[in-house]
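Following this line, the structures themselves.
Each of the next two complexes has chain A plus one more chain, namely chain B in the first and chain C in the second.
Coming up: the complex of A and B.
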């Protein structure tokens, strides 16, 4: 319309516009690159995982039955998934038993009770803990938790065991659980607390019976995120849970056993394919795919819950 | 009704009951008890941290006393009394350099697109969800990506190296690992820049890119800087993906004397400090208990120095801006 008037052209300098478009395209391609990363992950996992299933179906004696054989011994073509999945759940269960009370307690204290001065001193403690690399916690679990704590309680504890690994992983995820659930409680509006006090409720009642339930979906999201992180944690398990090479299904967490990530780490050590057949190497990708799917489902679930508590307030 | 009873003054008992109900004379046990329990659960984390640091330092003491600096400056050796971690420190530093070169520009650019350019389209929503999910993928899965794509496909397949298990492959793997986190921290930094700044810039006729370059990025840079360094610190301590992306897992290895740094990065075997910690921690000889603790102390000191340095640098950056 403006062009019909002839005098006023607001479309701007075409060179400038072209330049702007190029810049925008550069940034867009960087963002699209992240999708490429996801595609590459999925393709590299699925390709070898399918090859794994094919090669055990055709080359291994028991065929696909070796996925439910006796124990996880990839070098001997025994790929019992129940063993490593059960051990993973055991380690995660122990980790959550450690991290849930400590993480949530810390979160409620920091969000509802701590005075600004106390907060400034104590909050960094969790941040420092969050910055400790997982190899360090693996060493701590192997050289301190097992000999100095577990052996004093149960003297039958093996040198490498699932319990110590679980406690180590639990310590690792305390900061995560605490910071996400603190955010959830901070998002609860002040008016809810004030209404509670107005009705004569005491501090503990307000914190635990009003703010906590109001933030529940966020807190559950924090716990799911912690669970997902604990399932995928590798180094603590690789160092402290033992059973390099393979393990039978262990019902007692005081014994050593291989988890999904532990199995991957120990396959990785021999990933030059010196020992064992092709199937052993490929099983690495099959377990990786399983791990990827498990954490993906948990992360998406947690994301949904977080979005819900954000919408509510 | 109650007031009438008091007003009549006939029943002192009722009066007393009412006052007590209003003033709350009951001794409150639950309140401090709950507060104490919560405080204890927070202090437990502090206690764990103190015990962990104390334990590691105490276990490493004999090594520092007997070996001094040689445990840092020596190459790896099959003999525990001569071994050292300099190759691991070199490897970790070079890995971090590769990660900075690859993931910083990519991550910042992607974040700029998402925060400054993207409208709420289907593509944008997919991009955001995808980055969230990438940030939650377990680190060892990135190792599988590194093994298939960087080690096998690119270095051994396309470039034609005999073994793709080189530092550059490890660096690329770690870059992919931190990319999503880099994007998310940069997005947060950009989001904290006030909208009014952008509007003022558009108001005087600036283009989007001019606005970003001259107004948004300078304000966001201290936060981007801090976020990136913290992310890099995470990469520095990361080891699971390197197990797969080819870091050397033996108690010793050596590159030929006088190998130039470029071929150390591009074509030689490599290791990293956290990998040395993992490797030493599973050696059966008892000497390695103290050696591992010494390597951990070295790693934690490096991380501490980097983090403290970042905070100081950020403060300096912010002070310069205010002036």
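Coming up: the complex of A and C.
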């Protein structure tokens, strides 16, 4: 037995306690730093965006009307938001049209049909696709998709066009969509599959009527993640959708045009680099803020959607 | 086939006539639905069940009992080819269903499972409404008919109708565990199967829910043939007509292989087992 003659000390080794405190502070400061950086980015975006609105309101002839002028030509003080927002939506729409069936198809195959051995090989291969730099996919869209595919179908396709960029972005997000939704399907308990097979359901029915709905919340999350990524993707659209300097609103995706990210990229680099034009420079931040808000709304929306569709098991 | 069936019924009569229970006389005329001969099951290199032969008779409840790892669930899962879903599972020997070799090359497991339904250890309703759970099986089988009537009829038969008739559109997860399990039984009989396999259907339930399921099983055997795996020997004694007792042989390297020790009328197995091993297990002296 311990002798407790007042000498019993449970206060712990002060060195160890100090060490614990230090570790805690290190991790805390890392977390705080991350949050501070995010807040600072948002604040600077908001600040510059407001400054942009003030400067076009006071210095540009058309005032705030220039936000709905003809086309996006920032150096000529024409900042038509409809043009770049529409182009972004067109590219994202095409990308999702490509990535949804292929990504979900791959996910269902990997999760439900592939033998374990096949899966062990295919899944990493698919994830390697996610590692292809987007600049490579940009040139792939420009040098292969446009001349060898699109021009064979529609010979009026322009050298730079939204369609090729959309397909390129779609290929880029397939691994994201398939990997996240495959994880969601894998998380569906085996007991549900057994219940389905036990009732004489075919694989097809089990995959589509049991596993797919049970994994729906994760699948929706995967699609929204893909959509966010496609809206924010810059390199592929900058290369393949082209139209440096500015663009007019193009209703046909076979024409070239600037997306929101494409517009920002061309303002920031190359011969178009904004040197003097104050409003043109500030428009970068305004568009950036708009992009940020779009993805924010998408993420919040997905959160809601996922909660509504969630099937507990 | 016919001679074998006659043989089988003679065995039944022999087994029944000296027994004290007159209630079993009804099963004297039943015939073998499943015939298992020299069944061996392997999971890759692991030999799970060795040389098992037994017959399952129509409109009876057959209980498979024995210690953990004795292969009773494995044998059960051979009867509707659920083992096919396990990678590396291999079945040797012969399992016939109404005289047809279940593992014959022309047999589609989907067709087998439509006739041989299954209820699992843990209640596993789909994350859908009560109604959708019931109609799932008939719907994937392409059944045409009045689904509302089918749902009512099935739930009545599963003794669940009165409890759920006002909340058919509610999620199956709103039900208690015992109700969920009865819903799973209802779901299994909604496809009008011939046989219902139950893999420890009460092991996750409290005694009252267990009692209800046992009552339901006795009711259901009028229409269906039931094979139940159970850990609970009292349950086997209470509900089953026949009992198969499995044991485990532990090999030199610790590999565990299941083996059928004794198969007889339940009364006989529990009151006058012919094997010492069975007696030891039943009286709790096992291991």
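Heads up, the rule we're going with is that the second predicted complex is superposed on the first by the 283 of 313 C-alpha atoms of A that agree within 3 Å, B and C clash if a C-alpha of one lies under 4 Å from a C-alpha of the other, contacts with A are read in each partner's own complex, and residues count from 1 in each chain.
Here is the rule we use: contacts are C-beta pairs under 8 Å (C-beta built on N, C-alpha and C of every residue); 3 or more make two chains touch, one makes a residue touch a chain.
Quick caveat: nothing in here was measured; it's all calculated off a predicted structure.
Novice: Taking the superposition on A as described, I'd like to know which of chain B and chain C A:15 touches: first, second, both or neither.
Specialist: Neither: A:15 stays clear of chain B and chain C.
Novice: Quick one: is A:234 in contact with chain B, with chain C, with both, or with neither? Answer first, second, both or neither.
Specialist: Only chain B; A:234 stays clear of chain C.
Novice: Is A:210 contacted by the first partner chain B, the second partner chain C, both or neither?
Specialist: In the superposed model, A:210 contacts chain C only, not chain B.
Novice: Applying the document's definition of touching, compare chain B and chain C: which contacts more of chain A?
Specialist: Looking at chain A, the partner in contact with more of its residues is B.
Novice: So chain A touches chain B in one structure and chain C in the other; where do those two contact lists coincide?
Specialist: The overlap between the chain B and chain C interfaces on chain A comprises residues 202.
Novice: Residues of chain B touching chain A in their complex?
Specialist: It comes out as residues 28, 30-31, 33-35, 37-46, 48-49, 51-52, 55-56, 59, 105-107, 109-110, 112-114, 116-118, 126-127, 129-134, 136-145, 147-149, 176, 179-180, 183, 207-209, 230, 233-234, 236-240, 243-244, 249, 274, 277-278, 281-282, 289, 292-293, 296, 299-300, 303, 307.
Novice: Quick one: which bits of chain A touch chain B in the complex? Just the residue numbers, please.
Specialist: 16, 19-20, 23-24, 26-28, 30-35, 37-38, 40-41, 44-45, 47-48, 101-102, 104-106, 108-110, 113, 122, 125-126, 128-129, 131-140, 142-144, 171, 174-175, 178, 202-204, 207-208, 225, 228, 231-235, 238-239, 244, 261, 264-265, 268-269, 271, 284-285, 288, 291-292, 295-296, 299-300, 303
Novice: Under the definition above, what is the set of chain C residues touching chain A in their complex?
Specialist: Touching chain A: residues 80, 82, 85, 87, 110-115, 117-118, 120, 122, 124-128, 136-137, 140-141, 173, 184, 187-188, 191 of chain C.
Novice: Of all residues in chain A, which touch chain C in the complex?
Specialist: Against chain C, chain A makes touches at 115-116, 189, 191-202, 205, 209-210, 213-214, 311-313.
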